[in-house]
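Below is one structure, written out as C-alpha cells; the observations come after it.
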Amino acid sequence: MQLGMIGLGRMGANLVRRMVDGGHECVVYDHNADAVSALTTEPNTTGVSSLAELAAQLSAPRVVWVMVPAGAITTGVIEELAGTLEAGDIVIDGGNSYYRDDIAHAKVLADKGIHLLDCGTSGGVWGRERGYCLMVGGDRAAFDHVEPIFATVAPGVDAAPRTPGREGEIAQAEKGYLYCGPSGAGHFVKMVHNGIEYGMMASIAEGLNILHHANIGKQDQQGDAETAPLSNPEFYRYDIDIEQVTEVWRRGSVIGSWLLDLTASALQKSPQLEEFAGRVSDSGEGRWTVIAAIDEGVPAPVLTTALYARFASRQLFEFGAKVLSAMRKQFGGHDEKSG
Amino acid sequence: MQLGMIGLGRMGANLVRRMVDGGHECVVYDHNADAVSALTTEPNTTGVSSLAELAAQLSAPRVVWVMVPAGAITTGVIEELAGTLEAGDIVIDGGNSYYRDDIAHAKVLADKGIHLLDCGTSGGVWGRERGYCLMVGGDRAAFDHVEPIFATVAPGVDAAPRTPGREGEIAQAEKGYLYCGPSGAGHFVKMVHNGIEYGMMASIAEGLNILHHANIGKQDQQGDAETAPLSNPEFYRYDIDIEQVTEVWRRGSVIGSWLLDLTASALQKSPQLEEFAGRVSDSGEGRWTVIAAIDEGVPAPVLTTALYARFASRQLFEFGAKVLSAMRKQFGGHDEKSG
Amino acid sequence: MQLGMIGLGRMGANLVRRMVDGGHECVVYDHNADAVSALTTEPNTTGVSSLAELAAQLSAPRVVWVMVPAGAITTGVIEELAGTLEAGDIVIDGGNSYYRDDIAHAKVLADKGIHLLDCGTSGGVWGRERGYCLMVGGDRAAFDHVEPIFATVAPGVDAAPRTPGREGEIAQAEKGYLYCGPSGAGHFVKMVHNGIEYGMMASIAEGLNILHHANIGKQDQQGDAETAPLSNPEFYRYDIDIEQVTEVWRRGSVIGSWLLDLTASALQKSPQLEEFAGRVSDSGEGRWTVIAAIDEGVPAPVLTTALYARFASRQLFEFGAKVLSAMRKQFGGHDEKSG
Amino acid sequence: MQLGMIGLGRMGANLVRRMVDGGHECVVYDHNADAVSALTTEPNTTGVSSLAELAAQLSAPRVVWVMVPAGAITTGVIEELAGTLEAGDIVIDGGNSYYRDDIAHAKVLADKGIHLLDCGTSGGVWGRERGYCLMVGGDRAAFDHVEPIFATVAPGVDAAPRTPGREGEIAQAEKGYLYCGPSGAGHFVKMVHNGIEYGMMASIAEGLNILHHANIGKQDQQGDAETAPLSNPEFYRYDIDIEQVTEVWRRGSVIGSWLLDLTASALQKSPQLEEFAGRVSDSGEGRWTVIAAIDEGVPAPVLTTALYARFASRQLFEFGAKVLSAMRKQFGGHDEKSG
C-alpha cells in the first residue's frame, strides 16, 4: 500500500523502514527537513516539505500515519490534516495519545468525513527488528482497509509459540495487532499495557533492591533510639551477585520476561548501575491508568504504588516527609538523624 | 505505694515525678549517677547506685518499673533483676519492647517466681502533664496489685468526655489504663497503636503535601517526552496557607486529633519546616505491626505504605530506582532527566 | 444577617437552626414542601415555595446558601439562580461539590455579576451541636460580607485549646472557618481534608483488624501446600477486647482523635459490629484527592490504598482475583481452596 | 551420577524423570509406596521403602535430594537423614523452605559432617519439559560435586537467547542454575523471585480488571449520596475482548512474559474464568519477601500490596471494613448500601 508518515523521530523513521521492507511505499514528512532527507535514502520513500504536498502525493483514499509527541503537537497536526485531507481518507495516530484526546480528535476529523484510527504502539527502540505490538481503535471499515500496513508493522505470528488450545486459522491477535473497539479503544488498551509495565518494572526493581541489601547484617548496627534495630543480623549476610541472578532467572523461572531480559542486559553492562541517579520519569500512561481505575471504582494498588515510587524517586514527597519529622519532634522530642 | 524506677531518661524521670505527685514513694536508679542525683531533689525520692541497693530499699513484694531502651539493654536489666529480686516481686517493663521479648523475659523471671508486666506507654514528652496511656499485659494478680500506680500515671477519667452510651461505674479503660491479657498483650496493643500512629501521620503528611503542590499549575510546564504533562494547569493555581488550614481543621472537622494539634503547632513555629530535611526515622513498632499483619494473613496496606514512605525518605530505594531507570533506557532509549 | 437556604436535608436544616440560634434570619426553600413546613416552626424562619419567591423575600445584596447534592443537582440550582438573582448577590455552595465544578459555576454566575463562594463544610450529623468547620473559596469581598454567617456556623474559638505559640488577636482559622483562596480553593481544601479522613479511618480499621485476628494462633493451622503456615502460633494467642482498647486510647495516647472517639462509641453499642456487612461506600472526595495527587505528580500511597480498600470491600477486584487464581492453576497446578 | 530422591509428588517425580533422561541413576523413596512403584517403571530408577535402605543403595559420598513440603515435614526428613547418612554426604533441599530454616537445618547436618545445599526450584508443572531454574546456597565444594545434576535439571543455555554483551565461555547462570552463596542464599534468592512473581501477577491482574470494567459507562449510574458518581461515562464504553488482548501482547510488547503466556492460555480455555471464585492463596514466599524488606528497612510497596490483595481476596479485612462502615454511620449517619 501507499502511506504517508508524519513525524520522523526514532519511532517514525523505524516504522517507515519496516513498512518499506514489507513492500509498502511511503511519503514522509517532518518539520525538520534534515530528518526527511535522511530517510529518503531508503527505497520507495519519497520526502515532502508540507502536509499539502503529502496529501497531493497520495492517492485517495489516503492513509496517513501520525507519529509525533502526544498532546498539543498531535492535536495541531490532526487539526491541520482536517483541513488538508478529504472525506474517506484515514489518519492513524500511532503516538502515545491519551485515549480521551482520540475521542475528541476523531470528532474533528469525522466532521470532514475523515476516519481516525488510534493505534497504541509498543516495542520501543527494538521494534524495528522485533516488530511493534499494535492495539487499534476507531472505525472498523477503516481498520480493515489499513490492515495490510498493520500486518507488516506487527511482529507476526512467529514471534511467539502458539498458545496451547488455539487451533485452526491464525487469529488477528496472534499476528501481533488487534482491533480493540471504537475510537480510543486502542490507546485505552495501550494505556493499561503501560500501567502493567510500571507494575512489572517495579516488581523487578523492588526485588533486586531487597537482594542488594541482603548483606545489611554484615554492617554495624546503629544502636540508638531513632533506629529500628535489626534483631536478626545473621539472616542478612549474603552478597548476592545480582547480575548473575537476573541471568539465571531468564531460563525456566516463572518470572521470565522481556523486562527481565533487558534488566539482565543493563546489569551486564554495568553491575552497579552507577551511571544512573535513580530519578525515574513517567510519561503519562501510568497516571492515566490509575485515573481509569479510580473512575471505574476498581482497586489498582500495585500499579498505583509503582507510579508513586517514581514520583518519590524525584523527591516529590519532601514537604510531606518534613511534616512527619516535625510531628515526631513534637510528640516525642525526636531530632532528625543526619544522613 | 513504694516503687523502684530503673532508667531516668526523659520518660523515666517524668514518670517518677508523676508518681510522687500522686503520693507514691520512689527509689530510683540509673547507670548515670548524675541522672540519679538530679532526680532526688524531688520529694519522696531516694537515689541508689545499684540494683542490689534498689532491692534492699524496697519492701517485699517489690515493684520495679524498668524504663530503658528496648532490645539488648532491657534484656540485660531483666536478667540482672532475675538474680536480684525475690519470688513474688513484680517487674514492669514500661519501655518499647517487642512483645515477643516480653514473652521470653517473662519466662526468665517466672523461673524465679517473679512476675513481669509489660506496659505499653504512650504520651511522649507530654505525658508528665497529660498523663500516659497504659496498655498492660502479664499476670492478672500482679496487675491488680500494682493498679494504684497505673491509676496515678494514667491521664484519668477527666481527660476525655465520656463515650455516649457508657453508664454507671467508670471502667478501667476510661481511666486511661487497661489490662489487655497475658504476657506480651500490653506491648502488642501498644505496637498496633503505633502502627495506627504511622498511618495517621502519613495521612496528614500526604494531604498537606498535596496542598503544598496545589500551585503547580502556576509553574511553567516542561514539554518534553520524559515528563507527563499537566493537562489542566487551571485546576492547580492555589497558594494554600497550610498553617492556617491545619488550625481551622482543629475545630469541628472530622479529622480533629492530637496529631493535627501537634502539626498545627509545628507549622505555627515554622510554616515551611525548613529546619527539617525530611529523613524520617522509625523505631520498630511500625515494622512489627506489619509483620503481625503478615503473620496473621490480614491486609494492612495503609499502615505498611506509611512505613515504606519513611524508608523511602531515607533513600533506601536508590538501587531499585536505578534499576527502573536502566530498564527505561533499555527499552525506550530514555535518558534520565537531571534533577 | 438575612440569608436564604436552598436544600433542607439533614445538613441544610441543621445549618438553618444554627444560624437562627445565632441571631440570623432565614428564608428557606426545598423542592419538598414538607421539609419547608417542618422547618418554619423555628423562630425567624420563613418558608417559600420557589426560588423566585426566595429572591423576592431577601434584600439586596442577597445571600443564598445552597445545600443540595453535588453534581447535576447543584449545577441545576446554580443555573436557575443565575436567572433569578441580581448583580451583587452572593451564592454559597456548602455541599460536597468537586472544586472543578465550582470554577465552572463561578463563571456562570459571574456572567450575571453574581458571586459564588465555595464552602467545604465538615462536621456531619454532629455539626448542629459542635459547629461546622468551614473552608471557603471565591471572591474575597463577598467572603468578608458574609463572614458573620460563617462565624455563627463555625464551632468558634472555644472548641479547642489555643495552639501553643499563638498569641494576641484570635485569627480567623481559630474560630473554625478559613478563607482559602480563589474559586474552588475551599472545596479543594475540603477535598484533601476528606482524603486525610479516608487515610485516618483506614489506619484505625487496619489496626483494629490486626487486633481482631490476634488470636489466630489458637486456631488449628491448616497444613496444606495452599496455605502459608503460621510458623509461630505462640505469638498470636491474645483475645483482645477491642472496645476497651479504643476507649483506653482516648486518653493520653498519640492517636487520640474524634474518629477514635466515634469508633469507641460504635463499639460500645455493638462490640462485634454484626449489623454491618463491611461494604464501604465512598462519595467522591477520596477519588478526587488521589486524582489531584496524580496530576500534581506527588505520591499519596496511604490515601490511595485507603480508597482502594473501600473499592475492594465492594468486591470490585473479583475478575482480577480470578486472573490470579487462573495463573496459579496454570503454572503450579494449584486449585482454588474453598472458602 | 547416582542420586537419591525423597518425595515423589508432582515435582519430585518430574525431577527424577528429567535426571534419568539426562543419564543419571536414581534411587527413589516416598512415604507413599504407590508413588514409589509408579515411578520405578522409569529406566535407571530403583525404589526403596526406607531412608536406611536409600542410604544403603547409594555409594558414598551420597547425594540425596529432598522434595517434600516445607516446614515441619522437611525438618523431620532432615533430622532423620542426620541419623542415617555419613560424613561427607550431601543433602539437597529442593522444596520451598524458608531460608532461615536452611540455616538451622545446615547446622543439624553439619554436626554430622553432612553438607546441605538449599536449592530454590522454579518452573512448576512445566519444569519437566522446560527445565527448572535453580538457585543454590550452601557449601561451595558440595555444590561443585553435585553440579552435573543441576546442569541436567536446569533448562540449559538454549532456553533463552544470549544476553547482548555476554561473550566467550557460557557462564553458570546462562545454563539456568546459580550458586548464590552460603547456606540459605539459594532459597533467599528464590524467595525474592516469588515476591517478584506476586508483583508481576498482580500487575497483570489489576490491568485486566481495569479492562474488564471499561464498559462501566454503559451501565446506569446510581445517583445517590453513597456512590461517587462517574462524571464522564462517555470515556468508559468499551467492551474489550480480554482474551485477544492478552494474546496480542504476547508479540512485540514490553510486557511479554511467561506469566502473560499463561494468562492468555487460561483465558483461551475460559474467557470469563467462571470456574474460579477469586480466592487467591499464598504459600509463604511472598510473606517472607516482605518481612525481608522490612528487616532490611527498604520499601517494597508493590510486592506488599500484591500480597495484601491476596489476603483481601479471602475476606480477611472483613472486621476492618465493618469498622469503616461503623465510623461512617457515626459521623455522617451513612447507612451501608446493600450489595
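Going in written order, the chains are labelled A, B, C and D, and every chain counts its residues from 1.
Definition applied: contacts are C-beta pairs under 8 Å (C-beta built on N, C-alpha and C of every residue); 3 or more make two chains touch, one makes a residue touch a chain.
Here the structure is a predicted model, which is why all the values come from computation and not from measurement.
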{"item": "Contact-graph distance - origin chain B, target chain D", "value": "1"}
{"item": "More contacts between chains, A-B or A-D", "value": "A-D"}
{"item": "Remotest chain, chain D as reference, centres from CA atoms", "value": "C"}
{"item": "Computed distance of Cα centres, chain D from chain A, in Å", "value": "29"}
{"item": "Geometric centre distance via CA averages, chain C-chain A, whole Å", "value": "38"}
{"item": "Chain centre separation (chain A, chain B; CA means) in Å", "value": "44"}
{"item": "Two or more partner chains touched - positions in chain D", "value": "124, 202, 204, 206, 209, 213, 228, 231, 254, 258-259, 265, 282, 287, 295-301, 305, 308-309, 312, 314, 316-317, 320, 331"}
{"item": "Residues of chain D defined as touching chain C within the complex", "value": "10, 69, 71-72, 98, 124-126, 201-202, 204-206, 208-209, 212-213, 223, 225-229, 231, 258-259, 262-263, 265-267, 270, 273, 276-284, 286-287, 301, 305, 309-310, 312-334, 336-339"}
{"item": "Parts of chain D lying in touch with chain A, wherever the complex brings them together", "value": "99-100, 103, 122-124, 127, 130-135, 154-157, 159-160, 163-166, 171-178, 180-182, 184-185, 188-189, 192-200, 202-204, 206-207, 209-211, 213-214, 216, 228, 230-232, 234-241, 244-245, 247-261, 264-265, 268-269, 289, 292-293, 295-303, 305-306, 308-309"}
{"item": "Chain B to chain D touching residues, read off their complex", "value": "254, 282, 287, 290-291, 294-301, 304-305, 307-309, 311-312, 314, 316-317, 320, 331"}
